[in-house]
Each structure stands twice: as structure tokens, then as C-alpha cells.
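Please go over the structures that come below.
In what comes next, chain A is part of two complexes: it sits with chain B in the first one and with chain C in the second one.
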Partner chain A sequence: MRFGMELKKLRRTGYFPAFPAGAAAASAFPILNMAVRTEVYTGLPGNPLDILLDASWQMMAMLNILLIVCCTCMMYHTEYAENGIQKMEVLPVRQISLFLRKFLITTAMAALVIMIEFAALAFCILMWFPDAGIDLKEFLCHWSFEVILLLPTIMVSLIIASACRNMWISLGIGVILVFTFSVLPKDYLFLDLCPYCSPYQLLTAAEENGHAALFLGVCIGETALAGMAEHIYLKIRRYFS
Partner chain B sequence: MNIIETKNLTKAYGDFTAVSSLNLHIRKGSVYGFLGPNGAGKSTTMKMFLGLTRPTDGAFHINKKRFPQNRVEILKEIGSFIEAPAFYGNLTGAENLELIRKILGLQEDSVDDALELTGLQEFKNRLAKRYSLGMKQRLGLAGALIGRPPILFLDEPTNGLDPVGIHEIRTLIKSLPKKYECTVLVSSHLLPEIELMADDIGILNHGHLLFEGSLDDLKFHAHDMGMPDDNLEETFLAMIDADNQKRRDRR
Partner chain C sequence: MNFLSLTGIELQKIRRSKILLILLAPVVIMWLPAIINSEKIQDVQGIPITPEHNFFIQGFMGMVWFMIPATLIICTVLLIQIEQTNHGMKKMLTLPINRRMLCLAKFAVLLLLPAVQMVMSTAAYYGSAFLSSKLQGYDYILPPGYIFPCIGKFYLAALPAAAVFWMIALLIQTPVFAVGTGLALCVPSVLIINTDYWFLHPMSYPFYMLMTEYGKAAKGLYTTDIDWFPWLPVAVMITVVSLAVSCVKMSRYEE
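For the complex of A and B:
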């Protein structure tokens, strides 16, 4: 698949600067938290990475989800603003392949964002837990777990964005979903498995409950299912337009 | 030989029928003028030809190919401009055309060729959203003409163009069939323009085809019916008026 084209379409839209900006905002949170309440956390027993994630990940994950919602809306706004998408629809390309390229680009950017955030956590460990040291393998496991748990959210956000000509509607739906899912009770497993909810989960807790594999499997399954649903939607939409 | 033929092509939105049992015959290498008042169904028909919307009933083929089986093959051969220019405002004119060129797999000089044809060369590095109305229109046309496709669908191509632009586009459209056997389906409300460039015309009203044939056929037909036949505009107005009268009487 060629990505150059989809990447080029996003020039001058603010899409690419948005990710580092979002990553910076989310990364600032654990650092500030540690700086302000150093004693609370350095006194806790256990693995420093777990302590940091327990303290900050809820906030960071929510910022990540909001970032995804905004950026997917931006992506389709460039398509709909001057109707560029109609030009794409009358050219010999498959609509689903354009959609999947958008998905992969957003996933790559999200993976980068999470990587920056974990770098910030590593910085916190070096700064405030000097005896602990950094276990690269542990970081990689946590990072890939969070990236995979974000996939359904990226997919569903893109589907919503692709369905709404008006960016404000898709943005509104996205924000409502983010806040609805963030206030739902936390003691039902099936709720934790939903898009917009799964990114709050942590690898350590999932492993303790023996749910790590379940989370990964369900999230990949959801992503694939939603992708197929989009494929069907793109086809039947022509009957109604 | 007909490159495009439709058979009872119909498009309904709920209980409203936008295009009703249309039987069009578009000859290869001709300029076909598609006429009709606002809401007659011209754009809807072209959208069906491009697969943007699916027919409710009936069928059509383009160069012996059909939707949705041959979608990609059909779209490779068609340059189109539907209703309003469609482009990316955050890209420059040249970048927009470059995008289309890549998808169509055309040679690199085709972008400059399209810019030249539509007189946009001078403004190619300006962001498309900063274009004037007429420049956007020209960009849309450039996107249709790029690579000189064998079939062109142009829906009101001269909207918003200055008189020089209208003249240039008309001359261009007229010259295409001779240059490389291009078939052009063009809709316009500027009837004198159509009269100057079309070989055949089809007249649509409320989704029904009232007439199809050459301009001479239309003159004979109008004469037979006792309608004015001096120019296309008068004949068209009389024909639409008669059809509307018939509709009113039926109700």
C-alpha cells in the first residue's frame, strides 16, 4: 500500500503537529505529579513503573483518546471541507484502502505518542527512583499493550469521522463517548473491553487478573470487526446518496 | 457506435423519482449536451455513471463495462467534474493534480498539461482554498482533463468562469473528439454554448427524457410539433413548457 498520498493530503492541516503536542501534554502530567507530590509516591512499595502508571495513566489515557478523536476528525475534515473525497470516489482506488491507510497512519502516530509518554515515565524513574533502573523489555511490553488496546478506539473514531460530513458532529459524538465511557462503573469486565474504555487498562493489573490475553484478543477482534463494518458501510452508502 | 447506453435507468429517493426510466445513447467521439431545468436529474444521472450513487432500477454500460463489477476499469477511463469542483483546500493546485496523477498512474508531464489547458499554470503554487471561484472551477476541470481520458463527464463546467474562460472551455470541448476520439457528456444551462459545441443533445424534465437526437433532429421535431425552431433556447423553453403543461393537466 502506498502511504505517501494519504500523508501528503494531511499537509498544512495541523494533523502532524497535533500528535507531539498531545504527547507533550500527556507526558507533562506524570512529571508534574511527581514533582509536586514526590514523597507520596517515592515512599510507596513496589515497581516504580507500576506506581507511576497507577498514579497517572487514567489521565494520560484520557488525553490520548481525546487526541485520537480530534485527529481522526481532522483527517476526514480535510476530505469533506472542499469535497476532496468525492474526487477520490471517482478515481480508480478502493475506498476501503484509503480508509485503512488512514487507520495505519493514525496508529503509527498514536504508537509514537505512547512511546513519548513512556519516555517521560522513564525520565520520572531516573529522576525520582534513582535506585530502580530501567527495564527496557518491561517498557516494551507495556508500550505494545497500550498501543493494541488503543486500536479499537482509533478504528471507531475513524468510522465516526468518515460517516459525518460535518466535523463538529463527529467531534461532538467522540467527546460524548469519551466522557460517557470514562464515568461508567469500573467493575464490569465487558465495559472495560469496549472501545474508548480499553485504553485505561494497565498491563500489570490485567496480568494479575489473568486478563491480559483476553484484552489483547478482544481488542484486535473488535478492530477487525469494525474494519469490516466500515467496508460494508462504504458499499451500501452509495444506495442512499 | 454507442459508448454509453442506459436501459430504463431509474433513481428514486424514497417516493420521489429523480430519474425515471432513462434510455440514453451516447455515441463514441461525440459531444453530448445534457439539458434540463434545475432538478431535472442531470447530475443524478452522471453520479450513477460514476458509481457515486446506485441506480434504483435499470442498467447502463460504459464502454461495455458495468458497475459495480468493473468499477476500477470504468473509472480509469473517465475524467469527471460533477456539480462543483472537488479538491483539497490545504494543498496547492499543482499538489492536487499530482495526487490525481499518481492515482491514475499518468506520466509526470500530465500535471503541467492539465494546468496549461485550464490556464492555471501561473497559480499552480497557490493553496487551492485561496483560489478565486473561477480558479477553483478551472482546477476542477484540470482534474477532469488530466491525462486526456477517453470519456469526459462535465456537469456545468463553465459555472463562474469569465467570458474568456467560457470561450476557452467551449473551444477545448469542441476540439477533443477530433483530437483523440474523446466522448464528452456535458450539461449546461448556457444553451447558446451547447448549441455551439454539441453534436447530440438530450433534454430532461422531471427525470423524464423528452428528446434525444442531433441538433438537426431537434429542429425537425420542433417544427413538426409547431414549436419555435430558430434556436435551441426557444425550442428548449417551448418543449419544457409543453411538458409541464401536460403534467399539470394530468393532475
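For the complex of A and C:
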């Protein structure tokens, strides 16, 4: 029932249509890219999925991150806008469970977004690489890898959104973080593991460097740690509100 | 109430919004790595460019490509949302003011905020160029006669995008869509400036300006001459149409 309540709150905010819309925008990118520069890519040697991901994942991942930043801000914005959060505080509901439900909903939506994007990539393969078949297992591996790598970003964005009363501040911090990690040098493994930076990584490259397990482990660890930090933060905040 | 006093009121409203901190953060973030990487800037990777120009252009690249349009979006969120709390807009609209003028006053504030950020960036550039010069023993500082017009051009090129974002913010009532559309429009500018139709995409104008400066500093990398035609008429038209639509939308605004 409480889960339903969270979903209900989001009903009129445009939250649910925003994800498919974002997925459509990101999916249009590889399709347009292939349609315009077909010869450049069909001539390349190697696995078609890797070619497509190398060509377009940077841009798609950035759109995904921006979508997450935007939607998480929205989630807490609706709570703060009409002082809904104060009303939630008087109910016998723990703040952290409220937070975790929001996290789960966003994760589910993000998983859906990445699935739509991979469907678009599959369409590209069928359209422009007719000789190569679609390996469902390979797709599932890539999809789950990208979903897990997106988890820390979702968690941190939600924490920022829950901490800031005003939407422009949470959005500003989120956008600044996206910007920061996009201008930092790309040759440090430590930076690649950070939230807002990990979603740009690809499974094939990580496997080549032997970092796939490291990425998965660190991202899950970061998410858990950030979740605990939020729990402590919410507890402390109650004393001061 | 005249235009200036309306703008003054708008500025008063955002006094406690902490927007200046949000504007300052990317400026600091942009120039700190520049100081740390100042040694690497000497390695121009075969591009015929002087290290001081490389320092300036590389430093501004992220800012012009992503942060200027993104800042404009954040400012539109600020200008719209600040009226939503406690029904501020309702109170504004009960006053005997011209709604179109209110719309333009808000737009003036929207233009003022990135201007402040540009001033901060210029100061940060000189600070970081000075420190890098001290650290590396190489003069990275470019004369103000070159820097000021350059940054001025980036700023002026961002005006059509500001008008478009303002129109989007007013037309799309759901904040998540207004912001999402704006952010999604910023991302592809890297690709769009390499096509022939870049002038139809206002968010890539500042980046185009930077790339022409890059082309001037490093011969053969990008075009050096700005294609004023059909860019200028298109840019003016986009700005005027966007502002006109925003004014019409504001005059029919109902909460």
C-alpha cells in the first residue's frame, strides 16, 4: 500500500512519461547516427553491438544521467513544494523507507530506459548489420552491467534531492556534478568508479582491462554506503527540523 | 511600475536563493583542474597552437559546451519555481502591472545571471593563468584585449538559447519536462556544430564561437570565419519569436 502511495504521488508530475521520453531521445541517437553515417560503421571490424556502443554510448549515458538528475529532483520537489514532507513526518513512516521506495522506483524506471535503449541498438543491428544475429545473452549482460553502474548515480542524485528544499539547488548541484565528471581527465580508474562517471563505462572495455567485477562490486558498495549515509543524515536532520 | 523597478523586484526575490553559489561552483571546478594540469597543457599533441591559447580554449571548452546552456536552464527553474512557493505568482498578478513587462523583466534577470557567471569566469581564468604561470615558469596569461571580446562573444551567442529556454519554461508547465527538454537539447551540440545546419540549434552557438576561436588559434582545425549569413537573421528570428511566445504565454498565465 505504501509503495502504491509513492506511485500515486508521482502520477501527475510527468515523472512516468519522462522516462520513456528520455529513452526515446537517447535511442534516436544511435539510429540517426547509423542512418547518417552508415558506411563509417558497417565497414568496421568486430562485434556490431560493440561498434554501436563505442559510437553512441557516451552520449546516451549522458542523457541517462541527466534524466536521472532531473527526475530525482522532481521526486523530492513534489514533497517539498506543498510541505508534503512535513505531513509524511507525522505519519508512522520511517523517512529512510520513503527514500528507499523512491530509489527502487527510479531504479526500475532506469532499468526500463536502458532496456528500451538496448532494443534500439538491437534494431540498428537488424537494420544495418543483417549478417550478425542478436545474442540475447550478450544483450542481457550489457544491460544488467549498465543498470548496476547507474545505481550509485541514482542514489547520490536522490540524496542531493532529499537534502535540498529548492529544486534549482538540487538540479544545480546535479548538473554541476555531471559537468565536473565530464571535464575531468579520463585516464584514472579511480575517477571512472565515481558516481556520475561510472555510467559511461562499457562492459567490453571493462572485461578487456579485467575490471568488470571491480566495477560491479564498487558500484554496489558505493550504493549501499551512500544509502547508509542517507539513513544517518535523515536521523540527524530530524533533530534539527 | 516601469521596467527597471520590476527587474529590481525580480532581483530582490532571488536574493536568498543561493544562486550565486550555484553559478560560482562550476567556475571554480573548471579552473582548478586547469592549474593542476597546467604542465600537460604544454603538450599540444601536434596541434599548431600556442600553450597559452590552448590553456584558455581547453579551459573554456566544457563551460561553453555544456555549462552555459545548463546554467540558463537552472536559472529558468529558479525564476519559475520561486513564484510557486506560497503562491507568489498569484500575488504578482494581482498587482497593476503589465504582464508582458513582467515576462521581460524576468528575462532580463535570466540574462543578468550568466553575465555574472562570465565575469566570475574571467576572474577565475586570470587567477588560474597567473598561478599556472608561476608554477610552470611559462607565461599563460593572454592580454585582456583578446580575452574580454572572446568571452563577450560567448555570452552574446548564448542569448538566443536563453530566449528559447525561457519560452520552454513558460510553455511546458510540468517542470520535469521543461528541464528535461532543455538538458536534452544541450547534449548534442558537439555533433551539431559539425553539420551544415548548426545555425538552427541555438544551444550550440556559444560552442561554435569557441570553435572559431580555436580555428583562429590553431590553423586548419576548424573554420576561422564566422558564417554570419544565414546565422545572424536566424538567431535574431529565434530570439524574437521565443520572446514573443513567452510574453503571450505570460499574459494568459493562470495558476
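Assume the second predicted complex is superposed on the first by the 239 of 241 C-alpha atoms of A that agree within 3 Å, B and C clash if a C-alpha of one lies under 4 Å from a C-alpha of the other, contacts with A are read in each partner's own complex, and residues count from 1 in each chain.
One rule holds for everything that comes next: a residue touches a chain if its C-beta (ideal position, glycine included) is under 8 Å from a C-beta of that chain, and two chains touch if they have at least 3 such contacts.
The structure presented is a predicted model; accordingly, all values stated were derived computationally and were not measured.
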Could you check whether chain B and chain C clash or fit when both are placed on chain A? fit
Just chain B (first), just chain C (second), both, or neither: which does A:239 touch? first
Examine A:13 and indicate which partner it touches, taking first as chain B and second as chain C; both and neither are also allowed. both
Regarding the shared-chain residue A:136, is it in contact with chain B (first), chain C (second), both, or neither? neither
Determine, under the contact definition given at the top, whether A:176 touches first (chain B), second (chain C), both, or neither. second
Contacts of A:5 with chain B and chain C, given as first, second, both or neither: first
Quick check on the superposed pair: does A:90 touch chain B, chain C, both, or neither? Answer first, second, both or neither. first
Determine, for the superposed model, which of the two partners chain B and chain C contacts more residues of chain A. C
Shortest distance over all C-alpha pairs of chain B and chain C after overlay on A, integer Å, is 8
Footprint intersection on chain A (chain B / chain C) at 13, 81
Mind pulling up the chain A residues that touch chain C in the complex? 13-15, 17-18, 21-22, 25, 29, 59, 62-63, 66-67, 70-71, 73-74, 77, 81, 166-169, 171-173, 175-176, 178-180, 182-185
List the residues on chain B that touch chain A in their complex, please. 50-54, 71-73, 75-76, 78, 80, 82, 84-91, 95, 99-100, 102-104, 127-129, 143
Which bits of chain C are touching chain A when the two form their complex? 17-19, 22, 25-26, 29-30, 33, 37, 61-62, 66-67, 70, 73-75, 77-78, 81, 84-85, 174-177, 179-180, 183-184, 187-188, 191
List of chain A residues in touch with chain B within their complex: 2, 4-5, 8-9, 11-13, 78-79, 81-94, 238-239, 241
